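The same subunit A turns up in both complexes below, where it pairs with subunit B and then with subunit C.
So, the complex of A and B:
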């Protein structure tokens, strides 16, 4: 492996470098995916564009709507006071990524753009209905994460675009999230399957909305489509069995995903 | 490919290095600076023998370009005992019989140093979780975990002693 190293000091400079070198360039965030891929000769960039000197990409903004800079590390997600309550799935997802050494440098932006079907933070962001902002030479565009992810290693990001931030609504008053991962051992393991859930209740304890996402069981993380949920009051707080019997609106996988995989 | 001039702060000392962009911090530490206490094995972030502290955080130096370390504080196993009190950890590893072939130990000590800085009196489960990124093929881990717990207790006592 051998390449030139660039350290742009602004988003505009980073994007200009990416536009100039096209597919010969790769952005470097934590490098925990990129350096492994370079070493395995899966990619051989001639130019590596480090994002570390670009200011403002590593902040978590949680006043109202939540905004994560693309360079926010798993370590920062785990420790963010704003995510200890209704958004706890972010903590639960981030803290099972690799070991400390990986979480201390690996970023949420890298987790998304790397587009591994088993990326652990991605299902959490999907149930939070997150949107991503991408900046290219012609300005910024925003799209739902659900539309951004196409397949293994494949996203809607263009080679000259930088993922700058991820945003999602502040949690509703009576909502909660959770994340669980199953691997072959308890730590430092790729997910065999992982699941993220978002659930919200209305004032009568009715289930007002639910989203479920599964990682590592398809070409990309899957998300149930948004449909109104039929539920009687207190379904959720009643016993497990009665909750099980309660019919929900049911869900099928997002049509965009179905249509895409059907084409192949 | 062009070479880059780097000023690296390693164990409190400045080192000027001229290197290619693709070389990792691990390459520079071992081959250029002769700091071979940091070990090399999988080169993919799986085993943790290459762990160093970067601005106080444990990171795998095999997955870090040297060029990314400009202006940051690096501490290797050679420097860890000069940070006051960390001999406690080395002593605990010896006292607990936690060292067999020794290859994983520098990485274990670095991970444990960063961890104890943040969690001065951890539980056994926390210690095991903290060392998940460090593999050992000899000891079966129990004595390593015991050593970190013992070091936590000792430095906890010393800190409390100092405060009095």
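So, the complex of A and C:
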């Protein structure tokens, strides 16, 4: 394999390179998918455009609305103080991606663009109703992640576009998220199935809304449920019966909802 | 016993190089001008090789040599059956079989050359499982099997490359005496040894026609002899050196890349390195055989086993490999560590169109034990007996006979079972709640074979230990060095070990079969006896005493209140004689057995057998079937613990590897192709999957081992599948009879139970 290696210093420069080389170019973020694909000869880009010198792509902005730069690593998601409460599914999804070495360099933007049906963070972002920003030669456009993902390895990203950030609303009061993954082992594992859930309670502790997304069971992560529901909190507790075998687990749902939703 | 060095948890001599990264592994080894060797492999499972065209590949830039079957000696080699050629000649028998090899200046050039080689095949009917292969009308993988050279004792017939058998007593009479007869069938999957370092070899020829091969083999002398056959030159023209090895577990016993490196280096006139990829490891190495086991066991109402009829079929792949021997060993394991007066046990090794299987830590042990010990729990449940009590009622004890009539001594099995059960909290079992505890036990051999060492005392008082055995990561040579240090009253760090070079080190049967510390340790004792005699003879006149009055104490020969240090004596010896040099040899004495009980058997008795019991507590998710091993205990009779820390390390590692076979690992074949030839989809356990393992060292000293030691490396790999299967059955009420026990199997079995109870 051989390719030209480019290190643009701005988004505009990166996008210009992509526009110039078209399908012969690939952006390099963490490289944990791209380099494997190159080695397995599934792709053979003539130009690799590294994003590491582009400033601002690796920041997490959690003041109000949440904004993740595309180069935020899984390790950064795991460790972000802002995600330890109601958004904990982000931590739970990020911490079961690959092993430590993968999480240290693999990025959330790369995970989305790679469009694996089994990507662990994607179902979480779907239940958070995330939107992605893509920048091309003609400027930026934003679309819902749900519309961005098309199928295995396929997204609405154009060849000359760069996914630069992901955003989603700040968690509502009395809302919480959860993520579970099943596989044959507890690390270095591609999901057999994974599920992310967001839900919120009303003032009477009744479930006011729920969103569920499933990974690894279709051509892309699926939003399987997205509606306000009428139910008692006890209905919800069934969904956590599998939680005890998660490496992230060790909690009971009843105990955790308050902590997760940021309530004290 | 008061000891200076032995029995202490001292740090291994190879640790600093390994933890600092300075140790040179075979995969790191490099020579100036070295070329990269790659193998062109069959894409067909069973076909006639109609045409092979290397013309275009030969002309590519960087290519320095290509070999095909036409370029190498027409030799069939192999262990029990000589049925294999270096490169396929007219027929390919598995996807991944070597057909040609290329030496090139870079990896890229070598890979480009492989892509330019064209092979044309005419398909033959493939055989993918032992049932088909043993059917009367099965296509023969080796139509010329009768012409192959083989061990004379083997019983071969068509696709069966050995059928070994043990017959004792009269099973029909035994079944007639039984109140209940249980028949079950079990299956196990093909699994890889999972060594960290892939197989690697560098070969270089010199002007005298001698080839040196640096290889991460476990058996340098075996490789030397096999290369002599393959290259058709004298063994003395072949030097095999073992640098560091990143794990072997039986997968590096047989020639794998060494012959390719040597043949390419000869062709190209430059040194050549061959290093396998993960894909090559999982499609064309020597994994553990998949098996089918059928057991018929008769028991009395009160839980006494009267008879056992057992059969096991090993899917040995395209060549016999270790199959004929492994099928023999299996019959000993199928007996279980129990008193059973009537036995009829058969092991079959069967050719199929898959990669050639080999040896993997306790070959045949986990498969056979999984069946035997799963059935023990099934029977106990049916009879309403506690599984521990049922075992204690039937286990072998001191002075009992093994299945082939060998007399057993130093039998620590009861102590192992009771201690493992106590540690897991056997009597604190609460039914239900999706948690369960399971037990399994077994015995294993300490493989024989000979070992030799050279030992000299240096003028600074340190000791050079020169052994033909390789340190494959078990710390076995640290154990042997501890024996030598103890005998010579020096410290472990006074011993410098030189190992595994067929030109300069004495013969050793190799790092296999739990034998290294045992056999090399005994050879060290023999050398120390000789050296001690030399030391006393040298020191006595200077100390003014008779040699018999001398003693070794703290690096000195002492007598009559006077002393001379080993350093002084070494200098004295160099000035007046030829230095303090000795050699020691050991070969395990034959284990007597009843020859009338065995047929076509390559391994009729377990030497210095070890005994062990495992216990586990698991929890199972009733909805997903996911299994968590919560606690794990091993009580192992090691005879004498030379270095407790490294024995515990062997046990913990063996359990981790065994849990992989039990729960997650499987080379998946589909139509002759491996579906998961990478370490993403071949699932070895991670640290998060393996619980803390509690180890209990039981010590019933063997008669032969150094200080009573028994082999320790293989046994901990035997019982995990059965132990976990029994714990899962206790937790869920469902019995999974095939490995690996995946969450899917458990969930589906639980769903079946639910469905059946809904119908009734």
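Criterion: the second predicted complex is superposed on the first by the 230 of 264 C-alpha atoms of A that agree within 3 Å, B and C clash if a C-alpha of one lies under 4 Å from a C-alpha of the other, contacts with A are read in each partner's own complex, and residues count from 1 in each chain.
By definition in this document, contacts are C-beta pairs under 8 Å (C-beta built on N, C-alpha and C of every residue); 3 or more make two chains touch, one makes a residue touch a chain.
These numbers come from a predicted model, not from an experiment.
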Practice prompt. Applying the touch criterion given at the start, work out whether A:4 contacts subunit B, subunit C, both or neither, answering first, second, both or neither.
Written response: first
Worksheet entry | Contacts of A:12 with subunit B and subunit C, given as first, second, both or neither | neither
Discussion item. A:188 in the overlay: touching subunit B, subunit C, both, or neither? Say first, second, both or neither.
Written reply: both
Worksheet item: Once the shared chain is lined up, is A:140 touching subunit B (first), subunit C (second), both, or neither of them?
Response: neither
Practice prompt. For A:100, decide between first (touching subunit B), second (touching subunit C), both and neither.
Written response: first
Item to complete: Classify the contacts of A:28 with the two partner chains as first (subunit B alone), second (subunit C alone), both, or neither.
Response: first
Worksheet item: Any idea whether subunit B or subunit C touches more of subunit A?
Response: B
Fill in: Common ground on subunit A, meaning residues reached by subunit C in one complex and by subunit B in the other
1, 99, 186-188
Worksheet item: Tell me, which parts of subunit A touch subunit C in their complex?
Response: 1, 99, 182, 184-190, 241-242, 244-245, 247
Fill in: Interface residues, subunit B side, partner subunit A - complex
1-2, 4, 20-22, 24, 43-46, 48, 51, 54, 57-60, 62-65, 67-68, 111, 114-115, 129-134
Worksheet entry | subunit B-facing residues of subunit A, complex | 1-5, 7, 28, 31-32, 35-36, 38-39, 48, 50, 52, 75, 98-102, 104-105, 186-188
Worksheet entry | Residue ranges of subunit C in contact with subunit A within the complex | 108, 619, 621, 623-624, 626, 628, 663-664, 680, 683, 685-689, 742-743
